[in-house]
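Two complexes follow with chain A in common, the first pairing it with chain B and the second with chain C.
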Partner chain A sequence: MADYSIVGRPVDRRDAVQKVTGRVLHVGNMEPAGLLHVAVLRSPHPHARIVRIDKSRAEAAPGVAAVLTGADIAAMPGITPYHGPAFADQPVLAIDRVRHEGEQVVAVAAESRRAAEEALELVEVEYEPLPVVLDVLDAIKPDAPIVHDEIRPSGAFADLAHVKAGERSNICYHYKLRKGDVDKAFAEADRIFEDVFTAPPAQHVPMEAHVSLAYVDEGGRINIHTASQSPSFVRGELARMLGVPMNRIRVRVPYLGGGYGAKLYNKLEPIVALLAMKTGRPVKYSLSREEEFQTVTKHGVVVKLKTAVKGSAMTARKCEVYWDTGAFAEIGPRIVHKSGYTSSGPYKIPNVSIDSYCVYTNKPPAGPFRGFGVPQVIWAYDSQMDIVARGLGADPVEFRLEHALEEGDLFVTGTPIHACGLKEAVRRAADAVGWDQPKAPASGSKRRGKGIACGVKAVLTPSISGAIVILNADGSANVLSSTVEMGQGSESLLAQIAAEELGMPFDRVHVVQPDTDVTPYDTISAGSRSTYHMGNAVRMAAAKVKEELFQAVAGKLEIDAADLESRDGRVFVRGAEERGMTVTEAFLAKFGSLGTTMVGEGLCQPVVTPMDPETGMSEKCTEYWFASASAVEVEVDTETGRLEVLQFHAAGDAGTAINPKYCEQQLVGAATMHLGLTLFEQMVFQDGQLLNGSLLDYQIASIKDVPAACHPIVVEVPHKDGPFGAKGIGETGALTVAAAVANALEDAVGVRVRDIPLTAERIHEALKAARKVNGGT
Partner chain B sequence: MERNISLTVNGRQRELEVNDADTLLEVLRDGLKLWSVREACGVGACGSCTVLLDGRPVSACFLLAARLDGRSVETVEGLAGDDALHPIQQAFLENDAAQCGYCTPGFIMAAKALLEEHGDPTDDQIRDYLSGNLCRCGGYPNIMRAVRAAAARTSDR
Partner chain C sequence: MTIPAFDLLKPGSVAEASEMLLEHGDEARPIAGGTTLVILMKQRALRFSHLVDLQSIPGLERITDNDDGLSIGALATHRSVERSPLVQRRAPALAQAFSHVGNVRIRETASVGGNLAHADYRLDPPPALLVHGAEVVLAGAEGTRVVALKDFYRGMYETVLEPGEILVEVRVPHAAPAARTVYSRFSSLSANDWPCIGVAALLSLDNGNVGELALGLSGVAEAPLLAAGLERFQGESCSEELWDAVCDVVDEQLSPVSDLRGSADYKREMTRVWVRRTLRELAS
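Then we have the complex of A and B:
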């Protein structure tokens, strides 16, 4: 590895002291004078027509400043009442119809949260219930109730420019891939494996719920402070909705108490902006935990996989994926597309057909969730990889390694693979779990087993990150970036990259928090893209500053700038360290003054070759791949069905680990989150009503659910264009957990469960069914 | 209805007017601006609002302030001195036990109560004690390490 001074070092987080003292600033702590609080009346029906709303008594209630309905917003001149990143299908407040239980109908701004909540009780809404569609497979039937009669285009993102709505159907997007001759391969197959896998809707549960604050300043500009992963998007979308230039809106984001995808795109921002405009006062809206469950969810899926085998080779795979996107598309079409094209897996299969459908139902909207849909497709394909391997009598690890794509191979889309440490991740995870060692003997009713799973994700492409680096005359530097620090460590990581490139000490670099008045555009802080995209942008910006700095020094010393280098805040002649100067001396040499700055700008904007709409083929469908492998050992109680994970090894390819400590945290953290999703998390609906929308009833992984042996494995296969070779790792640990655990379950007790979560009840049922088949009791 | 209570908060006695419906969390946050006390579930299930009530860990979101007349409350704001972190905070810092950091004050207060009860806790005791505090970043292994380190540090003293 190259000799870096700060890249590759496990430096501490910048924000650690603030966090352990509780002093860290969140939007929830902000209380401008005259602040109003928002409460929102939500629909009790999963699907209904709004017949009448009477808000007059609420408007007259004590402490109430404003009451807003969807009709009020639609009547405001110049205002577009609909929004959404893929389709503009979601009204800020319901207009004419509600499409899921918990949809926002009437918003009140009042002197206190309690006054606002009390006023809601005075609002009368008359509904006429409509037929409801809840199951994703029911929703695609010809006679299904239609959730949206008309779908408006959005146009917010370049990668979704091709997304166009169908007519009179709940399928709002269909991704299609055709490679080779699938029918012929199935006709000639020795064996065919056919399975259906499901995963339910689930919740992100960031400990900090959504919260946004807005006010109109003295100059009439709209100021937003919001817990958002996408400040640039929020500004652009609000400008469009409000019909004002982008520079009339300022969006700032302090530290986030977690995001995991929940805080992307517009959430509460339109409501607080409109209420601030209406009242002329600052307005804050913070969701309760119950409201979180009604705001955005993880896509439930049904995945149908059919695989042909000839000899020991997989010759064809047919994938049908049905994504339950709920009542609003949210970013569903992007998930259906990006995850859709990886749903046959990172394997050598010559004939493939993929159909991936985004389907409306009357459930809360599903959106991005750590992994962007890829955990759902890997859950299916890497469960089936084990089924096929076992069916052929092959070792599951060897079978994967034999079929895994490697450097230079073409992915199913026709895009070459570069820097994808898939095989290394599989090998190292398998070694760590003791794959070759004999299985632990049974003990009473308990059986042990091991499981492995792997997969890849392709990073969202195209997307854009811009950054500005400002070098001050005293040698300190500011980095302007719209990447949101939500616990992943981006602030410190970007400082490491800037410090390395500039040759300045790490502690002299300050990263400015997102503020759309000063920090350049960034697509989103999500999708494991910030290290690569923003990292590259910051590095480029720093390189430009360094060039200016070196020119200043070279002019003064009368040498060639190419002979200079910088370290610890000093610029000197390579090989003759005594000949050089400090940054301050360089500024004086160039400007004759310290009252100035050197500024550089960087932009990272990877592009794609658009996919052929019929075949899904593209010479370049993504900027980089990141590989994940999980290896687990489980113990299953055959009497109760209870499954305990004893060992967990989360392997992921980081490219280059800019900060190894954060990479390990991301791998373990993502794996822990998805262990909960694998074992017990699910949103349970009955007749369109959510039954477990609180943390009393919806359990997430606690410290007791983490195995004592829980180990990250950071694989490093540098990417040729990554900043110092780095890629992203925020989602990697999440991708392969579910399949690894289900595969270990089969290894332990010989039953295959195709639905997550793998609850004791499900495992118990599967064991009972297996005993019946085997003639037992 | 409004009533007056006397509450010792981080060692300082406060005379407070509270509504019968006010939770301890509302009084600490909205009234006293102790922002480390954070609501995340509202039903006492996640531990983000853990504070010590007469030394015992409680969920501030789930207690009515009006019933706490004469009691004593401690939050993270009461831990650090002017120039030094509390040993538990220092241990959380050194072991990278805070990621997004939203749950961190609750974990630190729960850990403080744990270490006052068990000076040298076993791993199982740590898990039992902290199982009511949730961290969605999944930082549990580092939190375990931090609590062990804090135990070693406090028992050395």
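Then we have the complex of A and C:
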């Protein structure tokens, strides 16, 4: 590795002490004078017409400052009452109709949260229930109830401008890929494997629930403090909705208590902004845990896979993916597109057909969830990879290595693969789990098995990150970036990048928290994109500052700036360290004063070649690839069906690990989160009502569920354009968990389960069915 | 979510608490640890204008060892039972069962009396108390009465508590020296979740033959259950066949409710698995 001073070192997080001592300022801690609190009445029906709302008694209730309905918002001059990143299909508060249980109908702002909640009980809403559609496959039937009669386009993202909704259909987006001659390959196949896999809706469960605070300042500008992963988006979308210039809105984001995709785009911001405008007072809205379940979810899917094999090669694959996007599209179409085009896997398959559908149902809206849909498609295709390998009598690890795409190969979309450490991840994960070692013997009712899975995710492209680096005359530096620190370590990592590029000490670099008045545009803090995109922007900005600094030193020393380098806050002649000066001396040399700064700006904006709408082909559909592999050893109790993961090895390609410790923590954190989703998490609905919408009944993986042996494996295949070769790693550990566990389950007890979560009862049922087939009892 | 306004009444004695409850009728409820009641009130599923704070009554949290058994005050926390050297020595399965409830923050707050009076069908402690032949002391305006725990439950979230009556003490008779006890909890989802089912067993052996045998179960009926009719196995020699016969007798008494942790059929099958495992462990 190159000789870096701070890049590649596992420095401690900047926010560690603050966080463990409970001194972090979150939006929830902000209590400006005169604050009003919001409570929202939600729909008890999954689908109904709103016949009448009577809010008069609530308006007269003690402590109530304002009561707002969807109709009120629609009647406000110049206000657009609908929003959404893909379609403007979601009203801020329901208008005429409710489309899922828990949809927001009436908002109250009052002197206290209790006064607001008590006022809600005085609101009368008359509903006329409408037919409900819940199952994603029912929703695409011709006679299904239609969730949206019309869908308004959204102006939020230029790259989604091509997204057109289907007419009078619940399919709001369809991604299509056609490569080679699939029909011919199936006709000529030796064997055909056909499987249907499902995954249910689930919840992000960030430790901090959604919370937003708004006030209108003395200058009439709207100020928002919000727990958001996308401050730049919030500002732009609010400006559009409120009909004001972007600079009339200021969005600030302090540390987040986790996001995982739940806190993207607009969530509570429009309601607090409108109530602040209406009342002239600061307004805060924070969701209860129960409301979190009604706000945004992980897409449930049905994935149908059909694979043709000739000899020992896979010759064709047909993928149909049905995404349950719930009552509002949210960013569903983009998930359906980006994950859709990877749904045949990172394998050499000459003939491929993919259809990926985004489908409305009467469930809470589904949006981004750590992995952006890719965990769902890998769950399917890498379960089937094992089924095919076993069917052919091949070793699952060897079978994957034989078929895996390598540097320079074309992905199914026609985009060349670069810097994708897939094979290394598979090999290292397999080695770590002891793939070649014999299986542990059965003990009583317990059986052990090992499983592996791999897959790739393509980074969201196009997207934009801008950064500004300001070097102060004393050698300290400020980094202006809209990347949100939500636990991933971006603050310290960006400081490492800036410090390395400038040649300044790490502890002299301060990263400014997102503030749209100050920090430049950034698409989102999500999709494992910040290290690469914001990292590049920060590095570029720092390089510009360094250039100015070197010019100043070069002028004074009368040498060529190209002969200079900097380290630990000092600039000197390469090979002659005694000839140089401090930053302060350089400032004095250039400006004759210390009262100034050197400022550099950087912009990272990777582009794509748009896909052919009929074939899905593109010479460049993404900027880079994340390679993931998971290897597990499980123990299954054959009497109860309970599966325990004994060892977990999460391998992911980070490009270059700017901070190896954060990379390891991200791999283990993502794997743990998805272990819960693999083994027991699911939102259970009955007649459109959520049965387990609280943490009493919906449990995530606790420390007791984490395997005793849980090891990260950081693979480093540097990317030519990454900052110091780095890519991202926030989701990589999440991608391949489910398939690895299901594959280990089959290795242990010979049953294949195609639905997650792999609950004890489900495995027990599969074991009973297998015994019946085998003639037992 | 906020809790609707209420008056917190601070009785100085059980009798005073009982009077307060009678005075306010359905509008009042006793509160001990509050771990369940507060959630239900925040959800506005339950609404009471008055809460009678049992924590203000001195002495209700004591755990003592009497000649014939343990006395556990209704206000003793789960954590104090779990960590009590007395309980650990006299009724290890009980300490074990309490250690499974919720998490350490819940156990530091939740009371023994609240756990029992809530009468949830899938809690950990009741099966362990049932196999010990535990009794509850109920104090009301008319005086106190002692009820066997197995007779305390009337159905899902229902008990024999009369208006104004308060569960003040749990009496756990000492098991015979030869008896061994164990509590097995089966979680079908997350390890921290409510149990799918819980099985407590008490078994004493007499020359390798069954002496005393008791099985307490949770999650498999509308209320915690003490299996009846196990006396018939006294004197039988321990064997897999015997455990199967015990399972058959137990099975007839189950009326499982399908829930998120398992279907009725699954719970029935798991009861068989865990009764057998538990007895096997005690007999070994």
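Definition applied: the second predicted complex is superposed on the first by the 777 of 777 C-alpha atoms of A that agree within 3 Å, B and C clash if a C-alpha of one lies under 4 Å from a C-alpha of the other, contacts with A are read in each partner's own complex, and residues count from 1 in each chain.
The definition used in the following text is that contacts are C-beta pairs under 8 Å (C-beta built on N, C-alpha and C of every residue); 3 or more make two chains touch, one makes a residue touch a chain.
What you see is a predicted model; the values in this text were computed from it and never measured.
Asks: After superposing on the shared chain, does chain C or chain B touch more chain A residues?
Replies: The larger set of chain A residues in touch belongs to B.
Asks: Please work out whether A:E761 is in contact with chain B alone, chain C alone, both, or neither, and reply first, second, both or neither.
Replies: Once the two structures are laid over each other on A, A:E761 reaches chain C alone.
Asks: With both complexes overlaid on chain A, does A:L696 touch chain B (first), chain C (second), both or neither?
Replies: both
Asks: Figure out whether A:P206 sits in contact with chain B (first) or chain C (second), or with both, or with neither.
Replies: first
Asks: Should A:H174 be classified as contacting the first partner (chain B), the second (chain C), both, or neither?
Replies: Neither partner.
Asks: May I ask you to decide whether A:Q665 touches chain B, chain C, both, or neither, giving the answer as first, second, both or neither?
Replies: In the superposition, A:Q665 touches chain B alone.
Asks: Quick check on the superposed pair: does A:E639 touch chain B, chain C, both, or neither? Answer first, second, both or neither.
Replies: second
Asks: Check the residue A:T21 against both partner chains and state whether it touches chain B (first), chain C (second), both, or neither.
Replies: first
Asks: Could you look at A:A708 and tell me whether it touches chain B, chain C, both or neither (first, second, both, neither)?
Replies: first
Asks: Which partner does A:G258 contact after superposing on A: first (chain B), second (chain C), both, neither?
Replies: After superposition on chain A, A:G258 lies in contact with chain B alone.
Asks: Show me the chain A residues, by the header's touch rule, that chain B contacts in one structure and chain C contacts in the other.
Replies: 114, 288, 290, 696, 700-702, 704
Asks: Where on chain B is chain A touching in the complex?
Replies: Per the touch definition, chain B meets chain A at residues 21, 33, 35-36, 38, 40-43, 45-46, 48, 75-77, 79-80, 85, 89-90, 92-93, 96-105, 108, 123, 126-128, 130-144.
Asks: Residues of chain A touching chain B in their complex?
Replies: 12-13, 15-24, 26, 28-29, 114, 204-209, 255-258, 260, 288-290, 486-489, 661, 665, 668-673, 694-696, 700-704, 706, 708, 710
Asks: Looking at the complex, which residues from chain A come into contact with chain C?
Replies: 112-114, 117-118, 121, 288, 290, 639-640, 642, 676, 679-680, 684, 691-692, 696-697, 699-702, 704-705, 759-761, 764
Asks: Using the touch rule from the top, collect the residues of chain C that touch chain A in their complex.
Replies: Listed in rising order, the residues of chain C that touch chain A are 1-5, 39, 43-44, 186-193, 196, 260, 262-263, 266, 269-270, 273.
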